[in-house]
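What follows is a group of structures, each given as C-alpha cells.
What follows is subunit A paired twice: with subunit B in the first complex and subunit C in the second.
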Partner chain A sequence: MSVAIKSAIDDAVIEELRAIFGHDDGRVLTNLSSRVNRTRVPAPFPVHRWADHMPDLAVLPRTAQEVSEVVKLANRRGIPVVPRAGGTGLSDGAVPLRGGILVDCKLMNEIHEVDLVDRTVTVGPGINMLKLNEELRPHGVFYPDDPASYPCSLVGGRIGTGGWSLLGARFGHTRDLVISMEVVLPTGEIVEIGEGGGRKLRKSSTGLTLKQLFTGHQGTLGITTQATLELVPRPEVEFAAFFAFEDYITAWETMGVLTKSGLATLAGVVLFDEWKIDYLRRDDEAYIPQPESVKAVVAVAMYGRRCEVEPASKEVMRLGRSRGGRYLGDEISAGDWASRHDRYAIPLHGRRKDGQAVLMSWHCEDAALNYSVLPQVREEWHAIVSRYRERYDIFDDWGMFAYTSGAHKPWADYLVEIDVGIWEQRLDDETWSAWVDCKREIAEVSLKYGGSITACHGATRAGDAELVPTEMGSAWPVVKRIKRALDPNNVMNPGKQSLDEAYEEERL
Partner chain B sequence: MIFRLGDQAPPPAQRINDTVVMRFEHVYEVDPDLMGVTPQQSMPAWDTKRIVDSRWDHLDWMHLHFADDVLLAGEESETMPEPDPPIPSEQLPQPRPVGD
Partner chain C sequence: MADGNGYDPNGDGDLVGDFVEQWRDPAYNCFSSGHKFCREVCPVTQVTRNENHTPTAFHANIVAMEKGLLGVEDVADDYVHCTQCGACELRCPNTLMAGDFYRVRTRTVDVVKAMRALMVATGNEREQWKLWNERLAERHNEPVLGEIPVSQEHVADWADGLDIPVGGETILFVDCEAAFARTSYTRAFAQLLQKAGYAFGLMREQWCCGGPAAEMGYVDLARKHAEHNVADWRAVGAKRIIVPDPHDYIAFTEDYPKLFGEDYDFEIVLGVELVNELVKEGRIALTQPVERVVTYHDPCRLNKRKGVHEAPRELLRAVPGITFKDVDHVTQWSYCSGGGGGLPIEKPEITEEISRRRVARAQALEVDALISACPWSERPLSDAGAAAAEPLEVLDLFELVAQSAGIEVGGHTHMRPELQA
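Moving on to the complex of A and B:
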C-alpha cells in the first residue's frame, strides 16, 4: 500500500520549499499558529484531537508553476498535499488527515480577465465571490454562485467542493458556472480542463468531458490554479415571499406546486419544518414571534428583469396561498431572505436538555433527495438525532429544511439538511465516536431512499467517507482506477472518501 | 453630544415567552437565567443600538449587492394581524441588571 506519510518532512524538504518560493519566508509557514489556523473548518471537529489534524507546514503560492513544483516535490518525497481555499467548508475536504504540506491558495486572488463580449471572467482560485461581484458590478454583470458562505468562501474551494448555490435553480451551481479550469494534477503537470476546445466554450462533444471530474473531488485529484467563470446579466430586481403553514405536509405540497410552476426566474424554494421553526423561535438572534399555529414555512426567491419578475411574483403569491399558506409579510420576506448568509457571521448556540444555552458548532447534513421521499426521511432523521440527544446531552436538533437543488430544474431534487448542534467543548473520544455513528445513521437513511449522502458539502466527513463506496456502487472500481491513475503515489489529500482503497489492491 | 452613563443602562427585560426576553423593541435575548453556562457580557444601550443599526445596514447592502431593486408584494403579515396587547407592568418579572 502506497500512502504518503507526514514524517517525510524534514529540514531538507523545508529548504527545497524555500527555494521554490524564492526564499520568501512569508510564504513557507512552519510556525505553530499558521498550522493551527489551517487545521479545521466550520464543520463539527474533534477539538480534543486538534493536533492530529494539523499540517506540518503551509505554503502560499502565487502561480501555477509554484504549485506544480510543490506537488512534484511531494511526489518525490512521499508527502501528503492538502489544498485549502477559504476553509469555510462544511465537510472536511480541507482538513489534513495525515499532516503534510497545506497549499493555501489565498494569494492567487487575481482577476485575470473580464470578457464582456463572450461573457466570461477568468480568476485565480483565491478570490472571494463577494469581492469579485463588487468588481463586476460596474460592468452590469454578475457571477451568481451564492452559497451561505458567500461573504467568505473562495472560488477554488467552491470548485473543489462542487458547491451548491442558493440561486442554483435560476443560475446553476458551481459546476454549471465554471466554464474551464487550469489544474495542477497530483503528479505536478499543469493542464487545461474544460468542455473541449478553447477555455471559453460552454459545450463541446469532441471527447471525454473532463470538467465535471475536476469539480467536487475535494482536493483528491489536483489543485485548481485558474478558472474561467460564467457571467450573467446583473438582475434588475429580486423578490422573496415567505408563507406559513399549520402542518408540514401542506407546506410540502405547496412547495411542489411552486417548483413545478415553470416560472423561469425562480431562483430557489425552501421548506422549513417544525423543528427549524422552533429553533428560530428560541434563538435570540433570529427570534420569530410567530403564533404557535405556524408549524412550517415555505420561502420563494426570484431574480431577473423587472418585466419578468413582476408578473411572476403575482403568480407566486397565488400559488403560495393555493393550499392555505399565509403570507408572512414584506418585512420578514425581504429581511429574512437578505439574512441567508448569517450562519457564517454569528456565534451559534444550542440548548442542553435543561434549557441552558451553550456554544455549539453546526453540523449540516446535506443529502440530495427526491421530492417524493422528503416526509419519510424527515421523520427518520429526527428520530435518530433525538435518540442520540437523549443519551448524550451535547447534541441538539436544530431542525430541517429542503431546498431546490436541480440547476434550472427545481421540481424534483432537493438539498435536504438536518442541522445538528454539537457542544464541541465537551467532546471526548466516546462522544466523538457517538457523533460519527449518528452521522452515519443519518447518511444511511439517505441511501436507503435512493438519495445521495451530500448535495453540496462533500463526503469527506467521518461517518460519510466510509459510505462512499456503497453510494458509488458498481462505479466504485472505476473511481478507484481514476484516482490511482492520476495520483499514483496517493499524495493528493490522502485518506479522504475511502480512496485509500485504490491502493490496497495490486491489480485493479 | 453629552454621554450620560445612566442613560446607557439597558431597560428592564420584558418576558416574551418561557425562554426569550426583550429590552428593546424587536431585539430578543435568551432569558439570562438560561445563560448560566455561557457567560454574557454587559452591553450598554448605545452598543445594542449600534449593532441593530448595523444589521439594517447589512441587510440593505445585501439586497443592493444582488439586484438593483427589491420588489415587494406590498402586503402585511397574515399570521400576525394584531400586535400582542402590552403586558401589564405588575405581571412583568422584576428588572434584573444585565450580566447577572
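Moving on to the complex of A and C:
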C-alpha cells in the first residue's frame, strides 16, 4: 500500500473525467486560472509558494453520481481528491497539498425539499446559509448556522470543517443542525449517514452513531453530496446588549455569571479583550470609540419569542451590570451585533511596530478551552505573538475573543481566538517558517491547559497538524484505523491532520 | 504588443507590468481579507458558481500575475464574466467598514475595465466585443440591434411628431438602446418634460456615449465618442445635460470627468430625479389611475453604482391606483438583469439566465408587471418575461408615469415583432 503523493494525471485520466461529465467541458477545468483560483482559502497562505499548492485540475459536479465516479477513478489510480465548497475556511481543509483532482461543490446548490411538517430542509452542499434563509423566510423558519462567514460559506464546507455558529449556544452548531447526509466515501460508494432509521430522525440507538464521524473530518473521510438540516422557528425578536469593563477579570467573571444564568433564549456571549478593542479603535466606524479606560467588552445576544426574550432581557441587563459593567447603549448594542459578520478582518488595520499601516492578512488561531483557564491562556498567547512581532515586523496582534461554544450549554466551553495580522507581501521561507512555529506554540498552550487545538477551523495546517496525534492521545490508533479502513489508498484530501501516519505501520 | 487602443497608463509600453503595479495593492486588500462576501451577491457567480468568475478571483489573479503564475491570456475569459453592476463593491467589508476612514473603497468595476483594456492592448480581444466595437467605429451608435437601421440618419426617429428643437442650454441625451429599440421609453420621458413645460433640445449629431466601449476595454474608441459628444454640446452652448439612461449617467459622471478634467463643467441631471421633482412640484399631474400590481427592479447603475433608489420609488408611489409590492434596495444588490458590462454580447446564455431568475422573483410576488428604469435592463427582462411559462410584462417607469399623466406615448417597447405582440 502506498501513500498517494503528487498525482499522476495524464490525458487518459482527463478523457475519462470528460466522459463522466458528459463532455461538458465547462465542468472539467484544466486551465491555469481555474487551478490558481482553487489553491488557497482566507487563511494565511505562503504566497511565495503558491504553485506548490495548486490542484492539477478541478471538476464541478452536479450530482452525487458524478462525485462518486470521480472518486472511484481517483481511488483506482491513486490520485488525490480535495473537496472544496466555498473555500472560505480558516484552515487548510480545502487547500491541495499534493495536487490532484479538486472537487468543487458549488454547482450542487439546490434546495431539494422543504418539509414544514417534520421540520427539515434538504440541500446540496454548495448552498450558502444566507441564500438558504432567504428562501426559507416566507415559511417562518430558518436554518440557524451563523458563522462569521455566514454571507459566503457553504453548507458542505460547514459540515466538512465541523463549523461553529455564533448562535450555537441557543441553536447548536453545524453538527447539531445536520440531521443526516449523503456521503461519497473515499472508495466511491454513496452512503446515507445519519443517526439511524430515516434521514429525518434526530435520535436513534441502532448500530453505531456515524454522523459525528462525518462532520469535522476536514474532507479526509469523504464528500457530502446532500444534507438534511434542521428547521427552527424564525425568532420573533433579537436582543443584544454590550457592557464595558475596566479590567479583563471583571468582564470574565460577568461572562461567567451570564452564561450560568439558565436563560434558555441566550444565544451567545462574547468577551473582547483589551487588544481586540484597541484593534477595533483603528476603524472610526467601530462601536468602540470608547475611552481608553475600557479594557474589555462583553456582548450578549438572545433570540426567541417576545414573551420569553423581553422579560429575560431585564435579567441580562441586571446581570451585565452586577459587577460594574457599563451598558454601552441601545444603538451600539443593536447596531454592532447586526454588523457582526462584516468586521472580522480588515487588512488596512495592519500596523507595523512604528505604527505604519500596511495591508495584512488575517489569521484567526482558534482553540476550544474551558472557562476556568481563559485568563491564563490569554496572557500566554499574547506573550507568544508579541515575541514574534518583536523579532519579525510582519506580524500584528489583533486581539482576542472568547465565545460561548457548548451547544445548548453555554456555561463552560469557549471558542477562543487570537487574531494575528500577517504582512503577506513580505512572506518568504524564513518568515513563513516563523509563523508556523508561532502557531505551534499557541496550540501547545491550548493543549497544556486541557484544551483542543481548534474548536472549529480544523487542525489541517502545519503548526497544528503535527500536534493532532498528541491531542488525540490514546484514541489516535483508533483514528488511524478508521481512516485506513475508509480510505485504503489515502486519496481523500491526503496530507492533512497527520493522517499519513495511518499508512506508515502498514508500509513497515 | 500595443495595437493602439490607448491603454498604456505610464506610457512606457510595459503594459502588463504597469497594470500589475497599479492594481497590486488594491488586489491585496481583497486577497488578504478573503471575506468573499461579494460572491453570493454577484449575479454572474450566482449562475455559473465558478470560482474564476468571482470578484475575489478578479483581484487574486492580479496577485498571481505579480508572482508570474498567470498571464493576460490565462485570465482573459474570467474577466468577461462581469456585468459591472457594482454589488461586490458594496458588499465588501473593506468598503463597508473601513472605506471612509482610510479613504479607499474596493473598486472591482475599475479593475475589470482596466483588465479588459489590457486585453485589447495585448491582443487578447474577445471575438464578439471586437465585432461590436468595429461596428460602433463605423456607425457611431450601438450596433447590437440586428436588423434595426442604426445610423445617424435615424438617431432621432424616435422623436417623430414631438417637435423637439435642436440645441439650447439644456440638452436631452438619448441612449442608443432607447433611441432605436425601446423608443417608447424616450418618447414617454420627452413628453413628460414637455408636459411640465421644461425646455430642452436635442444634439445636432448624437453619437453613442462611449460607455459600453469603455466597459469592454476599447479606450480610444470610447474617448473618440466622448470628445464628439462634448464638442457637440459646446457647439450649441449647452450647460445642462438631461440623462434618462443610467448607463449614460455613469459615462457622463464618471468617465467623462476623467477624460476632460476641469474643463468638463456641464451639469448632469438624472432623468428619474428630474421627473420625480417635476411631479412633486405639481408641474406634472398624475391624474389617470393605473390599476396594476407591480414591483420595481432597481437598475444596478442607479442603485448599486449611484445609490439612487428613493426617487424611482417615490415616483412609482405617486401613480394613482397602483399596487406596489416593493423589494428593498439592499436585497436587490444581488438582483440584476444581466444586461450590462457587455455580458449579453459575449455570454448571452448567462444574461438570459440572470434575467430569467429576476423575472421569476418578480412573479413570486404575484404581480402583473415588472417596472424598471433602465432600457438596457428592459431588453433581457422583456425577453425573459415573454419567455416565462406565464408571461410577465416589463414596463419602464417613465412609460407608466406617462400613462398616468394621460400621455399617448407612441413608439415601441421592442423591435422584435413576435415580442411586440
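List of remarks:
We adopt the following convention: the second predicted complex is superposed on the first by the 491 of 508 C-alpha atoms of A that agree within 3 Å, B and C clash if a C-alpha of one lies under 4 Å from a C-alpha of the other, contacts with A are read in each partner's own complex, and residues count from 1 in each chain.
Just so it is clear, a residue touches a chain if its C-beta (ideal position, glycine included) is under 8 Å from a C-beta of that chain, and two chains touch if they have at least 3 such contacts.
Computed from a predicted model, the values in this text were never measured in an experiment.
When both complexes are overlaid on chain A, the residue A:H349 reaches subunit B and subunit C alike. Of the two partner chains placed by superposition, only subunit B is touched by A:D330; subunit C is not. With both structures placed on the common chain, the touch criterion links A:I249 to neither subunit B nor subunit C. When the shared chain is aligned, subunit B comes close enough to touch A:R234, but subunit C does not. Of the two partner chains placed by superposition, subunit B and subunit C are both touched by A:L359. Residue contacts after overlaying the shared chain place A:V478 against neither subunit B nor subunit C.
Of the two partner chains, subunit B is the only one that A:P291 touches; subunit C does not reach it.
Applying the stated contact rule after C-alpha superposition, one finds that A:L60 touches subunit C and leaves subunit B untouched.
When the shared chain is aligned, subunit B comes close enough to touch A:E310, but subunit C does not. Residues common to the contacts of subunit A with subunit B and with subunit C across the two structures: 130, 282-285, 339, 341, 349, 357, 359.
Note for the complex: subunit A touches subunit C at residues 26, 29, 31-34, 36-38, 40-43, 47-48, 50-51, 60, 86-88, 104, 106-107, 109, 126, 128, 130-131, 149, 151-152, 282-286, 339, 341-349, 357, 359-362, 424-425.
Against subunit A, in their complex, subunit B makes its touches with residues 16-17, 19-20, 28-30, 34-38, 58-60, 62-63, 65-80, 84.
Subunit A meets subunit B in the complex at residues 130, 133-134, 142, 146, 234-239, 241, 244, 281-285, 287, 289-291, 293-294, 303, 306, 309-310, 313, 317, 326-335, 338-339, 341, 349, 351-352, 355-359.
Remark: subunit C residues 25, 28-29, 31-37, 39-40, 49-52, 54, 57, 60-61, 63-64, 67, 69-70, 74-75, 77-78, 91, 93-94, 96-98, 100-102, 104 touch subunit A in the complex.
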